[in-house]
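Below you'll find a set of structures to go through.
Both of the next two complexes hold chain A, though its partner changes from chain B to chain C.
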Partner chain A sequence: MDMNKKYTARTWPESPEKTTLEGKNKFLGFWLFLGGETVLFATLFATYLALKDKVPSNDHYLAADMFELPLVFIMTMLLLTSSLTSVYAMYHMKNHNYQKMQTWLLITVLLGLAFLCFEIYEFNHYVHEFHHTFTSSAFGSAFYTLVGFHGAHVVIGLGWFTLLLVRNAKRGLNLYNAPKFFVASLYWHFIDVVWVFIFTVVYLMGMVG
Partner chain B sequence: MSTVAEKRGFLAVLWDYLTTVDHKKIAILYLVSGGFFFLVGGIEAMLIRIQLAVPDNDFVSAGFYNELLTMHGTTMIFLAAMPLLFAFMNAVVPLQIGARDVAFPFLNSLGFWLFFFGGIFLNLSWFLGGAPDAGWTSYASLSIASDGHGIDFYVLGLQISGAGTLIAGINFLVTIINMRAPGMTYMRMPLFTWSTFVASALILFAFPPLTVGLFLMLFDRMFGANFFDVTMGGNTIIWEHLFWIFGHPEVYILILPAFGIFSDIISTFSKKRLFGYAAMVFATVLIGFLGFMVWAHHMFTTGLGPTANAIFAVATMAIAVPTGVKIFNWLLTMWGGSIRFTTPMLYAVAFIPSFVAGGVTGVMLASAPADYQYHDSYFVVAHFHYVIIGGVVLGLLAGTHFYWPKMFGTMLNETLGKITFWLFLIGFHGTFFIQHFLGLMGMPRRIWKYLPNQGLDLFNMISTVGAFFMAVAVIVLLANVIITQVKNVRVGNDPWGDGRTLEWAISSPPPYYNFKQLPLVRGLDPLWIEKMEGRTEMTPAEPLGDIHMPNSSFIPFVMSLGLFIAAFGAMYQIDWRASDGADYVWSLPVLIIGMGITIGSMAVRSLKDDHGYHIHKEELMDDHDKGGRE
Partner chain C sequence: MAHETTSANPKVNYEYRRRKARDEMRGQVTSFAMMIFMTFIAFIIVLADFDKFYAFPILLVLAAAQVVLQLYYFMHMSHKGHGTAALFLYSGALIAFVTILTFLTIVWW
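Coming up: the complex of A and B.
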């Protein structure tokens, strides 16, 4: 199959991400990879729960002292919305509307960046206001590792989208790059789902003590 | 293929192997490097046994002994047994399902090079200030306190090679799900393919906990985190849990493919279809599933409480049921068969009682109250060597003899093979059977030396003599390999004469594109079905057409090399533990350069389109004229 063949909205297949064997393999392989990632985060969550509020002495701040709902709520809304915009992007990808796909992906990247800025502010806030650092206690190590792993995934996701957008800026959609866009958006959804759990387990459960 | 290779220079061949994405060549890379690490781990084992041969021995120092036993376990599990299994999976599984290659040839190569550089990194510890010394389990309470960089080598080396293993696991899952030939339904897949499938699923779900555990250890040792520092609120039991959530499925990752190799061998040399095929498949899946439910049986004495211990004890004993199903199915496959005792079949027959012995002690260890007596004694050492050598290593040796012609196009000498077998089998039982009793008499595991006249002298000497038998067996095997390759007598498609599955329907070694036309699979043991109808080869499922092939690539090597370099930077970055107090100013630049190489080569891979190439129909027809198959 000629990977660079030009398509129109009329000739574009219904599931462009799974039309070629390469795409099909990529699609399945990435789902399996996300299965492994799920276990990775489950392990980090378990570690966090085991070490939550475990500090060496009484003068350390605990979860309930530090977390503030408004900030985390804004971050959650930013990331959830970015997932929605990536769905719009994939909708347009499936309809072979390349420009709209690019636009929505760009919005996704901007929302992700905004989330990241808030997260950096948040970490900075904890370090300077509460002396809650990576090395200050087991609680600190576990918190920054879990939330930081998620943050690193956001960085990778943003880099991935950006690289794809730049590389394919002038190429239009074909069966070679459609699976790549689709798989990147799967990754983005996964990051979003993990955040929902972080929001619940770390912040909401942290607020109630 | 190799005749072509001989005509080219050494450098050309080297470059070919450094850049190959062909599953058959990657299999050879895995076999050679896994074999090398097997020898390294074997030498470590011999040093351990020499130290323990007589009481109060001073052959090695206590610290060096700790390094030896740690590196023996780590090397054998991560760098020998798994890569050797990957060698056979790569060589055979794509052929068994009638595929042209694995689903991700590029990732296949990346997985190998990650394993390779991780293994080299780990073993460089011997020359750079001392190897890891906290046991292959590296319990946090011990490993956090370990001086020097040994544990750092362990953490970073396993992290790199573990990434390679995860990639290989996903690759085989996708290959088996998406790349099967027409007619190759799930319930027609050979048992080796099935067990590869289940083992790959275990890799996918078992390696991430190890990754996390290693990250926590890395953060604690190199970046000042406090996961395992009790004074800072940490908890060392977390490491035990994470390690065994990985570690127990790991033993099934090792044994299931060995079960698969034996299933294929027993059915081939009994000239019978595998007895209870569906039950075998179900048992394999069930063992894989239960394998995740039992990790805490390694921690009975940690103090989890009677409820947890009881649950994990019962779950562990439950695994004996599907395993028993498999044992009886192998016996009933042989029952009434026309058995040929070739070398692989000898290994298969010896495997059954050996592995059952390991299984029986396994059930003994699974009963938590009794385990308080056996725990950390030589009884445990005897148990896991019975399952790992009696199961996995016998499987690897059987597979080496069985699949050698398919991988290299030559037959290993049967007489030498049988000598290897008998020496190894006698040596194995001589070494480890007696260790059960040493354990029951109270000899602790991982002990450096023991006092004379406590009833341990004679049994330890017998055990050491047994180990030398195994060493001689391995030397005979190496001689066999060299003699065979020098003689270079080429064999045909089906050198054993009784091949049942698709890999025996193609030349040995197969052409680089595997099947010229994908075969039509009409049932279990597809080649046997064709043979029974008087044909010698498979019916094609498609007309002759162009074949799409992946391009070779040097990028996987460079990507892995980058991580290898970065690992040195990470390790020497913060060096407050170093006894010499040296300040390594070069470490941060090295970390950045290494990561830069890896991320840069990932970007190159991502930005450069790689569509592969096509072999045209006409060239394939030329191949036919040169006296290929048909």
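Coming up: the complex of A and C.
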């Protein structure tokens, strides 16, 4: 199959991400990867839950002293909205509207970038305001490993989208790059799935007690 | 092949596919609205200062519901051909559950 064949909205297949063998393989391989990612994050959540508020002395701040609802709320809204914008991008991908797909992916990247800025502000705030660092306590190590790993996923997701957009800027949408965009958007949704558990388990449950 | 799915003949059912995609997108926006709504409820529960005996289960159910929407609608798991994807993901989720259960029960210092 000619991967670089030109398509129009009318000749574009219904499931472009799974039309080629490479696309099918990517799709399957990526879901296997997401199963592995689930386990990876589970180990970090388990460690965090076991070590939450475990500090060497009374002068260390605990979860309920540090976390602030407004900040977490803004970050949650940003990431959730970015998940919807990447759904819009895939909607236009399936309709073979390359320009709109690029636009929505760009919005997704900007929202992700805003999320990242808030996270950097948050970490910086904890370090300087509460002396809550990676090495200050078992609680600190577990917290930064879990939330930081998620943040690193956001960075990778942003880099992935950006590279795809730059590399395919002039190529147009075809069966070569459609599976690539699709898989990247799956990754982005998975990042939001993990964040749902982080804002629930780490922040909300951390503030309740 | 006579029994090919609709994807084999995109020209004929173009209008139908457009309409189907539009309807699906409307469903996506609805699930987004539900996710936002559940997020609001979750934050309100924390603001309202419920006892954790009540708050924890509600928060976890809200999170699980949001994740189901995310997986089945945003990530299209409700579509055909996601059997193996579900097998991979749920295998991971099973190990995840057991791992967290273990750490919550045998780590006690």
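FYI, the second predicted complex is superposed on the first by the 209 of 209 C-alpha atoms of A that agree within 3 Å, B and C clash if a C-alpha of one lies under 4 Å from a C-alpha of the other, contacts with A are read in each partner's own complex, and residues count from 1 in each chain.
Simple rule for what comes next: contacts are C-beta pairs under 8 Å (C-beta built on N, C-alpha and C of every residue); 3 or more make two chains touch, one makes a residue touch a chain.
Keep in mind it's a predicted model, so treat the numbers as computed, not measured.
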Query = After superposition on the shared chain, which partner residues are touched by A:S15: those of chain B (first), chain C (second), both, or neither?
reply = second
Request  = State whether A:M77 touches chain B only (first), chain C only (second), both chains, or neither.
outcome  = second
Inquiry  = For A:L32, using the defined touch cut-off, is the partner it touches chain B, chain C, both, or neither? Pick first, second, both or neither.
reply    = both
Request  = In the overlay, work out which of chain B or chain C sits against more residues of chain A.
outcome  = C
Inquiry  = With both complexes superposed on chain A, which partner does A:Y176 reach: first (chain B), second (chain C), both or neither?
reply    = first
Message = Is A:E122 touching anything from chain B or chain C once the two structures are fitted on A? First, second, both or neither.
response = neither
Task = Return the residues of chain A at which the contacts from chain B and from chain C coincide.
result = 28, 32, 35-37, 39, 43, 46-47, 50-51, 54
Note = Touching chain C in the complex, chain A uses residues 9-15, 18-19, 27-28, 31-32, 34-39, 41-43, 45-47, 49-51, 54, 69, 73, 76-77, 80, 83-84, 87-88, 91, 94-95, 186, 189-190, 192-193, 196-197, 199-201, 204-205, 207-209
Chain A residues within the chain B interface of the complex = 3-4, 21, 24-25, 28-29, 32-33, 35-37, 39-40, 43-44, 46-47, 50-51, 54-56, 134-135, 137-142, 145, 163, 167, 176
Key: Contact footprint of chain A on chain B as seen in their complex   = 103-104, 166, 170-171, 173-174, 177-179, 204-205, 207-209, 211-213, 215-216, 219-220, 223-227, 229, 231-235, 238, 241-242, 245, 603, 606-607, 609, 611
Ask   = In the complex of these two chains, what residues of chain C are touching chain A?
value = 5-7, 10-11, 14, 17-18, 21, 24-25, 28-29, 32, 35-36, 39, 42-43, 45-47, 50, 52, 55-56, 59-60, 62-63, 66-67, 70-71, 74-75, 81, 84-85, 88-89, 91-93, 95-97, 99-100, 102-104, 107, 109
